[in-house]
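We call the chains A, B, C and D, going by the order they appear; numbering starts again at 1 in every chain.
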Amino acid sequence: MKKFILDLTVVENQRLNYQYVLLKLTHKDKLPLILPGQFAQIRVDGSPETFLRRPISINFVDTERNELWLLIQVVGPGTRRMAEMKIGETLNMIVPLGNSFSAPNSLDARIALIGGGVGVAPLLMFGEWLHRFGYTCNFMIGARSKVDLLQLDELSKYGEVYTTTEDGTYGEKGFITQHSLLNTPDFDCIYTCGPTPMMKAVARYAQENNIFCEASLENMMACGFGTCLCCVTETDKGNLCVCTEGPVFNVTNLKWQI
Amino acid sequence: MKKFILDLTVVENQRLNYQYVLLKLTHKDKLPLILPGQFAQIRVDGSPETFLRRPISINFVDTERNELWLLIQVVGPGTRRMAEMKIGETLNMIVPLGNSFSAPNSLDARIALIGGGVGVAPLLMFGEWLHRFGYTCNFMIGARSKVDLLQLDELSKYGEVYTTTEDGTYGEKGFITQHSLLNTPDFDCIYTCGPTPMMKAVARYAQENNIFCEASLENMMACGFGTCLCCVTETDKGNLCVCTEGPVFNVTNLKWQI
Amino acid sequence: MADLTTKLGTLQLKNPVLTASGTFGYGTEHLDFMDLSRIGGIVVKGTTLRERQGNPYPRMAETPSGMLNAVGLQNKGTQYFVDHIYPNIKDYDTSIFVNVSGSTVDEYVKISEIINDLDKIPGIELNISCPNVKEGGMSFGVSCPLAAEVVKAVRKVYKKELMVKLSPNVTDIVEIAKAIEDEGADSLSVINTLLGMAVDAKSRKPILSTITGGLSGPAIKPIALRMVWQVANAVKIPVVGLGGIMNATDAIEFLLVGASAIQVGTANFIDPAISVKIVDGIDKYLDDNGFKSVSEIVGGMII
Amino acid sequence: MADLTTKLGTLQLKNPVLTASGTFGYGTEHLDFMDLSRIGGIVVKGTTLRERQGNPYPRMAETPSGMLNAVGLQNKGTQYFVDHIYPNIKDYDTSIFVNVSGSTVDEYVKISEIINDLDKIPGIELNISCPNVKEGGMSFGVSCPLAAEVVKAVRKVYKKELMVKLSPNVTDIVEIAKAIEDEGADSLSVINTLLGMAVDAKSRKPILSTITGGLSGPAIKPIALRMVWQVANAVKIPVVGLGGIMNATDAIEFLLVGASAIQVGTANFIDPAISVKIVDGIDKYLDDNGFKSVSEIVGGMII
């Protein structure tokens, strides 16, 4: 897919909670086609500590409004600066990057999208695609506490939403991989994005139950478009770049210690 | 004089012309005593190219409003960032730094304050002091063109203002050192701040006519408070730091090739 | 529009802007962003005799105005390059250099011989920062006799533009540059990365899987400029300057201190089209300052 | 509140934070901003036998995340220090080191002898990055035999804490560190500035009057960390780490890779009270992570 370097303009900055922000951006021209699971490499101006671009998943594309959404978790100087963006400011990004989630192989497939933390970001967009193309999907979202659960309203537009919190303040108590829905393993496809330990637990569950499973990795990146070879993950085909061969991998190809 | 590290808050950002901005700042506590000719070392946040602080003269102190003024000429990333400061933003500075202009030795002294470009910055404050203590002073301000003449209204509150422009669009045509007022050399004291070639011409005039003359230098500084020894100028006492022994020097002590 | 051509030994480049090895892939990754025919040349990824998987992840750490990398020469080997990559890139309208990396003199020679037969590759860049396996891991590039030995051996079999890339991790770069010049190198590229390291205070672990890695980016520009200046003043062959070049002004600084051409490295990650912008910026600088050709500013620093 | 004391040979510091030579004057310039008794020590300006005017202006160039300086050891000489500066600083409640610089072995010895007699100066830091006049300008710090020679000679006359500051402009810093350890140094400070240069593309002139100068600041931190790690793993005497430390996290990184103490340099220019903040930050880190003393994290990097 052709990649573009675009200056997008912030149209909305919605503070979701103490460490999450939803940025909505637009462009004077029509946004390029972006697939669910793809990401952008974002240049952070005005921060002396952010020499390299920052990879951020595409959270949603609103084609009618020509809007692109980014869900930002503030963890350091780059994401802090993004979270402080004001309406009218521009953000320079290279987009779209990476591969995408693969479509389930049948419209009847029982699908779970399992996310944790900022990992819900690509799942919203993927859920909307699945919904649009007639699939039925279930979102399973885990978080530390109620306040950390994100975009539940948005997600519920495209499928059932199941939640767990570690402290039991919302949904079932525990990790998302302990959710009762998983007691009877009748899913055909699982897609997951979130902290690596969570994704590994999901992968283990999928492998044990012979379920197709894709995970979206978040390796550290220097370029984001395949030149630097910094972002590799070990696979059965050797070291592959997460930015071009991923971020989405079938977990059976990953050399994860699970 | 005791130096302070202060966070001042912008209360006004006045764009004077295409490359000059007047910043007015205040502090929750009373501003410390600052003498005319002194400067501040300003930390420029949010600019990856400004590792070191930037020295900026104190343009004016409005004790009633507890305001400190900075006159900024945009020449690079640091001054650009300062010029973009919005009301309510804070600027971290070390202040007051350096020595100050010396008082003329008699109330009858005929005084010229000769400035060029951003060199008017310390002269406004010095003019106000002279005026307040009963001296009479003449401001002689040179610029390339009418648009580059700064703060003439402010200056005129404290003394006569004479101007030259290189293109003749305002005041006499030529350099300020060619102003007709200097044809009869009847000044007792000259104070100057501006581009080095201008200050050298003023110094030459003063020396030829045996006039007391002080110049405020603008050497490159790393610290601004006497530790790094980077800002030296050659004097008859050896290399002296402009940030502590200056910025104001009696031109007879400088080893200028004039 | 000034004359931007520059000469590296026998080879004429259309302009002095190359892209640095390991930071521009094989050019293909940048096709969406720019027109490869606009730049003077491309130095492709480090190529070893046999396929290498490189180092384990993590291979990268961001540092103040720079980055560390520990890619470890991941590549598919020389024969794969010849069979599968060369055909795709040979018709690019720009000069392609292969960055040759070995861990014995023999390996360097074998790769160079193979590349010598490729019509559309006008030159190689010898990367002598790799550890010498026989001498116990010390890099060829930090020892005069070792550097001389490998260049001498490659010179015998390689007939086109032989550029040798110097390591900055040395006490006296001039001494090594001269030894390499004496063995018949056509040009020198200065500098490769500086050896650095990064630690995460929180986890108390090194950030790179290899603990140490190569520092690149604007942080090293002052060191690179100094080394290019020292080398250019000491040798007669052309010097290609690199290290932290982010824009045309940086590039011009390298030309002024004596580089006949420059390479853009880490900057490609931040702006994949930066090399073309640097060509345009150099052009504008020459015009604005009344120079008719690049050669007028090479070594044009006024002391 | 953890135990912050740290030992450099025989000398106990109240905490591991010193200020670096040439970046903190004699401490007096910082009295308005901080309480000197809060830091572990002060390394005062480079002191030579006779007064030096230093280099002509300009002596400074800003670089990406760093700066170049070419101060050239401007100071009033050892006797002036003894007569006029020592009396003013001797009662500071912190450990004061004199940074000793010479251009012959003899000069180093003479200065060290004089300083040895000053009661309230518990140590010196030998700055061996100065050019050796006899050997034709090559720096003592880049040659094993020269470094060993000067340390040996000074060790004979200097009876207190002898810290030797290593130059990073070398191929193999470990080799030099070991040679210096063998001659009886008590501790090593790692690193001095890297040789760099800056040019102004507009005027086409070098920015520094001396063309080249010393690079400091965060830009060099990855290189400094690597060298401290290498040296700390190779010698038995304590290592004092410096190079680009801007905050407590940076300082902790140096401790983790093996430094027993650290020095804060260029950061003092940006925040003249930063050294005290770093003391507090280290204290907080130790508390937050359940360490009872600094020594628990010295060399505590988990590989």
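Simple rule for what comes next: a contact is a pair of C-beta atoms (placed from the backbone, for glycine too) under 8 Å apart; a residue touches a chain by one contact, two chains touch by 3 or more.
Only a predicted model underlies this, so the values are computations on that prediction, with no experimental measurement involved.
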Each chain counted as touching subunit A and subunit B at once: none
Chain separated most widely from subunit C, comparing mean CA positions: B
Rounded Å distance, subunit B centre to subunit D centre (Cα mean): 36
Where subunit A and subunit D are represented by their mean Cα positions, the distance between them in whole Å: 47
Residues of subunit C touching at least two other chains: 61, 63-66, 217-218
Two or more partner chains touched - positions in subunit B: 48, 51
Arrangement of touching chains [line / ring / star / complete / other]: ring
Inter-chain touch pairs (all): A-B, A-C, B-D, C-D
Contact set on subunit B toward subunit A in their complex: 46-48, 51
Touching residues (chain side subunit D, partner subunit C) in the complex: 61, 63-66, 68, 142, 169-172, 194-199, 201, 203-206, 211-212, 215, 217-223, 225-226, 229, 244, 249, 252-253, 256-257, 285, 297, 300-303
For the subunit A and subunit C complex, residues of the former touching the latter: 2-5, 43, 48-53, 94, 219-234, 238-239
Of subunit D, residues touching subunit B in the complex: 22-25, 29-30, 32-33, 53-54, 56-67, 69, 71, 74, 217-218, 266, 268-273
